Amino acid sequence: MLNNTLKPNFIACDSSLAAADLVLLGIPFDGTVSFRAGSRMGPNAIRSESAGLETYSPYQNSDLTQHAIHDLGDLELPYGNTGRALSIIEATVADLVGMSKKVLCTGGEHLITLPIIKALHAKHPGLHVIQFDAHADLRSDYLGVKLSHATVIRRVWEIVGDNKIWQFGIRSGTREEFAWSAEGHTIMEKFTADSVKKAASVIGDQPVYLTLDIDILDTSVVPGTGTPEPGGLQFNQLLQAIMELSQLNIVGADLVELAPQLDISGASTAVACKLLREIMLLMLSSKLTNQ
Amino acid sequence: MLNNTLKPNFIACDSSLAAADLVLLGIPFDGTVSFRAGSRMGPNAIRSESAGLETYSPYQNSDLTQHAIHDLGDLELPYGNTGRALSIIEATVADLVGMSKKVLCTGGEHLITLPIIKALHAKHPGLHVIQFDAHADLRSDYLGVKLSHATVIRRVWEIVGDNKIWQFGIRSGTREEFAWSAEGHTIMEKFTADSVKKAASVIGDQPVYLTLDIDILDTSVVPGTGTPEPGGLQFNQLLQAIMELSQLNIVGADLVELAPQLDISGASTAVACKLLREIMLLMLSSKLTNQ
Amino acid sequence: MLNNTLKPNFIACDSSLAAADLVLLGIPFDGTVSFRAGSRMGPNAIRSESAGLETYSPYQNSDLTQHAIHDLGDLELPYGNTGRALSIIEATVADLVGMSKKVLCTGGEHLITLPIIKALHAKHPGLHVIQFDAHADLRSDYLGVKLSHATVIRRVWEIVGDNKIWQFGIRSGTREEFAWSAEGHTIMEKFTADSVKKAASVIGDQPVYLTLDIDILDTSVVPGTGTPEPGGLQFNQLLQAIMELSQLNIVGADLVELAPQLDISGASTAVACKLLREIMLLMLSSKLTNQ
Amino acid sequence: MLNNTLKPNFIACDSSLAAADLVLLGIPFDGTVSFRAGSRMGPNAIRSESAGLETYSPYQNSDLTQHAIHDLGDLELPYGNTGRALSIIEATVADLVGMSKKVLCTGGEHLITLPIIKALHAKHPGLHVIQFDAHADLRSDYLGVKLSHATVIRRVWEIVGDNKIWQFGIRSGTREEFAWSAEGHTIMEKFTADSVKKAASVIGDQPVYLTLDIDILDTSVVPGTGTPEPGGLQFNQLLQAIMELSQLNIVGADLVELAPQLDISGASTAVACKLLREIMLLMLSSKLTNQ
Amino acid sequence: MLNNTLKPNFIACDSSLAAADLVLLGIPFDGTVSFRAGSRMGPNAIRSESAGLETYSPYQNSDLTQHAIHDLGDLELPYGNTGRALSIIEATVADLVGMSKKVLCTGGEHLITLPIIKALHAKHPGLHVIQFDAHADLRSDYLGVKLSHATVIRRVWEIVGDNKIWQFGIRSGTREEFAWSAEGHTIMEKFTADSVKKAASVIGDQPVYLTLDIDILDTSVVPGTGTPEPGGLQFNQLLQAIMELSQLNIVGADLVELAPQLDISGASTAVACKLLREIMLLMLSSKLTNQ
Amino acid sequence: MLNNTLKPNFIACDSSLAAADLVLLGIPFDGTVSFRAGSRMGPNAIRSESAGLETYSPYQNSDLTQHAIHDLGDLELPYGNTGRALSIIEATVADLVGMSKKVLCTGGEHLITLPIIKALHAKHPGLHVIQFDAHADLRSDYLGVKLSHATVIRRVWEIVGDNKIWQFGIRSGTREEFAWSAEGHTIMEKFTADSVKKAASVIGDQPVYLTLDIDILDTSVVPGTGTPEPGGLQFNQLLQAIMELSQLNIVGADLVELAPQLDISGASTAVACKLLREIMLLMLSSKLTNQ
């Protein structure tokens, strides 16, 4: 009866690392968060609560059990030393990219996107970035700090450059952030995510990174996040927007800023789990490979 | 002053059993739930929190105080012996049916629907079943167990047969469940509940049982449920769908899977209370009697 | 470094009282609430949680830091003596009105609206009242008590008279309340708030008081309120309705019935904070002055 | 099967009113509470959660099922009108006293003790009062209000006079309260309750009222109370103190200030339930009758 | 960097199964619980929260990292079919016993102790059972059901017989349970656990099973349990009692009835984690082997 | 009436900075916490909840209103840059020390003690440190990071040297930490705090810094802390230990590691508030001045 026990992986992510096409990696870092921390608890909560999820998606008519996915567990990271934490993240993702794995990371705060993109950009120099988010995250610095969840997309822009970052659902930021974007540095759709299809057609088969800050969703859908921003998307609106990415070559993705303990009902975590299932299936059905 | 005290019934359900047209029965059973239990607390929470509800519905321009409703309290059920619990439920409902009462049950988990329908089907052999739910509940078995909240509608189908079960809002299940339904065993509308009016016109004046799994609602509306499934209906969408049933002969109904302690704000319970008020008024305004 | 510390004001409300155009006043009173108390905690929670809010509104392209707003703190009020508490509120608001300040109050329960309006009506005899609310609050009395959160708009009507009270989003009340309104005493839009623009055009440049009971929003958006009433507005629907007031002369306003501890996620409080920011900017951009 | 349902009484309190020796009465009033309200939810929570309690006490080797106890339900009280609420309480208790019932009330806030004692004192002019409490409650007034949970024992003293009030466990108050007590008005044991036995021997067979403010217990034992005061008794210390009352003629009692929703674990409510069981058994085993 | 990730085992339980002396097994079953379910969440919460625990015990001056312990994960069990769930548990433990492993199980409800003891008793016919618990669990049946968390020690007695079961801390039960124990069937210390040392000296080097129902602790220490029973032990009292077992030959043990979601602070789970560390170290330092 | 409003200071800390003998400073930093963050919310919660505290201490027969205390508010600190945050803290405290103020800081995590002591040690070279804590905090580094809440007392030792640090209540750490202390670097009492009086007599009138990690208290008393460690002191045990310091010259103090949102009952915060009141009164009654 000994093989009757459940492995604490994300549901159906039981492939070996060697055989996997996609690797799920937890990055429990929230060291630069200025308001309410807690997203460090995200990866573990997502893994645990995935037990309540079906492996089959009636939206895509596809099943996680048909794919080879490996759950690598969570990175062990030092708090209080942001630079070192980012280096560990970058090195780990670089290893996975070197093995030609697609990578899906669970945060953790939004700053983790920076080292992931660094590792991916080294392989995919023309990388596009699609950002679903309530916040622009385009500050030049935050209280004098350059590496922060509030500056992360500005830092990403320093890597990928103009016309590569597509921002959807943005409804919060400083006047300066909106103005800087409007100067042509990023392509931003405020408040909603209705133009995803158009973005996808522009991107075509160029490699894409998807960063999903879960606070793009309305606070009613995801109260469990560090900086709740009312007025966001409903779940089905976001799901539909994500489905528009089905023809893209998504070489990496993340889902960040879930702070599960802020929503003790577990609903926020359930939202994250379902989005991850759909993103996994999307990444694995991409017509283009990661090589 | 002694008659100044409040009886802890659901609000305005103060009729005697003998005089009542409708009986409210709490069934605090959640013994087969596989993920998060807690719906056993549903009936009691609903009764307590109904104190915050108005008796008057501006939607139907009708008032609970105009009707004779009896709150029978909660069944006392053994945990760990599913068969025996179901027998007690069935016998109790059969007694009420024998007294020509309409029956509205509060769960508890979805499996309680099976013995209720058994008791009602004995009197109404052509019974239709309208199911509002996120989950298909059509598994043949669940980990080898035939009687489970995940198999309950399959068991109901064994009683009522093909073309009698109308499923709305279904957005979760195995590939097999969706396929089995599509073979013609149930009439299923995936994701939404837009075709209720059409169903109602087909059913006409045949007797109907309404089973409402509260997780048909979005997790933002009802985080207090055992298996939260994002992407569901908004409250007003469900309310509108229920209003489409106003011409039907609803001989029994249930509201299941509220797990009140998972939503400590009380909002999920308030949703259940308001839905119950509307269903009560609907059942009591039905043009056809239960005889 | 001593000036490096944060003052616990609502964000950016750091003007002196003398220089301020708008004064924010907390009124932590919930002494007549019949179901679940707790709105007394509202003002303090709003102030604390405003730290997570941007000062800039992308909706109005305006910034709190451009305006002179003073946070006066919270009134200290006796519980158990409603009349005395109301007198203190009225006297304080009268002082502010005497200084030609616009006043924005955070509750607390809805009854606080009565003394505020008394103070404002003394200066603005033709005052209109725009009410966003789930509940009509038009009872003549509640369990024999005249001064109650369930009777407050009826009391307000005794001051302002017929055709001055505009009610939006009402979805709960007794049969008598709806009937009394329909006799012509108030202008009520049930369930929704689609006719705000029309109301605004009728009101024109007459002075207006805005009372916003946060339970006009759906329970999914604001579970943190004393009497949760499902079926309300989404955040963006309310925001749009408020934007329709931009041409009005709003001389005073309140936001009431937030019970922050009922929503430990903080999402309900975040909703209140964002609404307050938008209302402040709206009041300060009004073309007409308060004089 | 219809008699299989559970009545929502406090466990084993199923006697008729006529046959009962002891009556349990819920008084859900917290209208004068200055800090955190919520004790109005106490009576209902106690009743619900008593389902988890055994009827048998191994401490007293006695069983609730051996006694005739009636659960009268909860009083319906107006908030916002303290005087009227107190009148209803007093009249109800007076009726019960007139029927020669022993009375055990569940609060609600501590002010409810005042009208209960008024009703009892009319019959028992030499009534002693034993108070277990963290707070002295001896203020002359509170923010100018005479009737308050912070003044209640001062008001009781105005009825029963000097040398009748025995205070145990007091660890919070103003300097004035402690000084006033020390002038000889009440007999106070600060911090602990070690002298109960001695008090009991002084009181002998004179009639006694027991008022138990649950915050006498340490905040670790009862976090669910409105004004948590660290440094209190452990459960077993309080239980032992209560057992010292076994030879007294307790004609009435209350347990107040449980705010169940502040402790969502339910542990605070479980503490209240167990204390009530022990107090009931104690009152019913008293050698002297209530006549 | 790929080996930098954390495996989600209980801290330091990273041995292979083959090499392990002790095996940790999660049994997430709570199917017979009559009041509040939720202990099924225990094993997973314990594993996650063990990250906050040091591996070193200053009490025993010993470290988990010095030992070979395997975390087998959680059993997958059907709900709604108690007999089948118990069979799976028994078979799994029997396999481990067959491999000469010491077994430490985390519940789950107390009924899981029955199949574990069945498997161990087959190898150790003279097995003693030491029970730390608030409840006697000696009912003959519970609402007619023989297999229940309220009857489990009675069922265990049917296996091990008189004079083998040592009960400590018992403070709740029916009159019949206490009487039946007093007939000589079990050795019971009511309320406290002061006689453990004496029991240990009687048992000597006979094989012992330790079953620890976490509700032996006071509700202030472990609010997170299904049937909270005030008046229990403090943590240090229990720890001291456990230390008295250091010379015994403990061949198996369990820790049951932690319901982690009932204590969202995580303190209850931290208590369980620390007790498990101490029990592991105790079992592994036993002078006698399991063979 | 405008001066009727409450300033959101810690209760009775309304002196001007210039006139104050003692300054209360909030330091909401938790950037190096490895397990559960949240102590950044401590200072604000303490300030808010102090409204439920009496200003008078019956333990010391002294009243906060008799003293001049200034509440400076909270420092604004960058997250993600530990060095810079520590510099701001040190500079601020140095300014206060330069003004000859006694300083009492509320955390925040334990690392904040380091810059505070740096600033104080510059003025008081022979400074002793009394630490009440569950954790030794003596690691040389934590995951390679030198500045961490788990290494802070080791860093403090590098400033103050051997025989200056008195540790009480320590019950968690690595084997190495206990060994390093035993080499003579710190004076440690494991598990309890019974030797405080003796320490006080050794210290005499030398300047002392008091650092109080609230997790020295048992998890039942303070579940609201980041790394809950069962087996700690009861509140009254800690209070008694603190009272033993009454003759010392306490020139500065802190209370750290309260994570208020982890204990939504508010009891943990109430414990912190009461301890702060007693420490304030103790510091202000010290016979020796800070000059």
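The letters A, B, C, D, E and F name the chains in turn, as written, and every chain counts its residues from 1.
The criterion applied here is as follows: contacts are C-beta pairs under 8 Å (C-beta built on N, C-alpha and C of every residue); 3 or more make two chains touch, one makes a residue touch a chain.
Treat the numbers as computed from the prediction; the structure is a model and nothing was measured.
Peer 1: Stepping chain to touching chain, what's the minimum from subunit C to subunit D?
Peer 2: The distance in steps between these two chains is 1.
Peer 1: Among all the other chains, which ones are in touch with both subunit A and subunit F?
Peer 2: Both subunit A and subunit F are touched by C, E, going by the contact rule given at the top.
Peer 1: Mind checking subunit E against subunit F and telling me if their interface is mostly the same residue numbers on each side, over half, or mostly different?
Peer 2: Mostly different residues: under half of the interface numbers shared.
Peer 1: Have a look at C-F, E-F or C-D and name the one that copies the B-E interface, over half of its contact pairs being the same.
Peer 2: Of the listed options, the interface copy of B-E is C-D.
Peer 1: In whole angstrom, how far does the Cα centroid of subunit B sit from the Cα centroid of subunit C?
Peer 2: That pair's centroid distance is 38 Å.
Peer 1: Distance between subunit A and subunit D based on Cα centroids, please, to the nearest Å.
Peer 2: Between these chains, centre-to-centre, one finds 55 Å.
Peer 1: I need the residues of subunit F touching at least two other chains; which ones are they?
Peer 2: Counting only residues that touch two or more other chains, subunit F contributes 36, 76, 218, 220-221, 263-264.
Peer 1: Going by the touch definition at the top, which pairs of chains touch each other?
Peer 2: So, checking each combination of chains, I get A-B, A-C, A-E, A-F, B-C, B-D, B-E, C-D, C-F, D-E, D-F, E-F as the touching pairs.
Peer 1: For a test of understanding, state which residues of subunit C touch subunit A in their complex under the given definition.
Peer 2: Interface residues on subunit C, with respect to subunit A: 51-52, 54, 56, 58, 61, 63, 218, 220-221, 234-236, 239, 263-267, 270-271, 274.
Peer 1: If we count contacts the way the header does, which residues on subunit C are in touch with subunit B in the complex?
Peer 2: Going through subunit C, the ones touching subunit B are 35-36, 170-175, 178, 190-191, 218-221, 223-224, 227-231, 262-264.
Peer 1: Report the residues of subunit D in contact with subunit C in the complex, numbered from low to high.
Peer 2: Within the complex, subunit D contacts subunit C at residues 30-34, 36-38, 40-41, 76-82, 84, 111, 142-145, 147-148, 261.
Peer 1: Would you mind writing out the residues of subunit D in touch with subunit B in their complex?
Peer 2: Answer in residue numbers: 1-2, 4-8, 17, 25-26, 44, 47-48, 72-76, 88, 91-92, 95-96, 261, 264.
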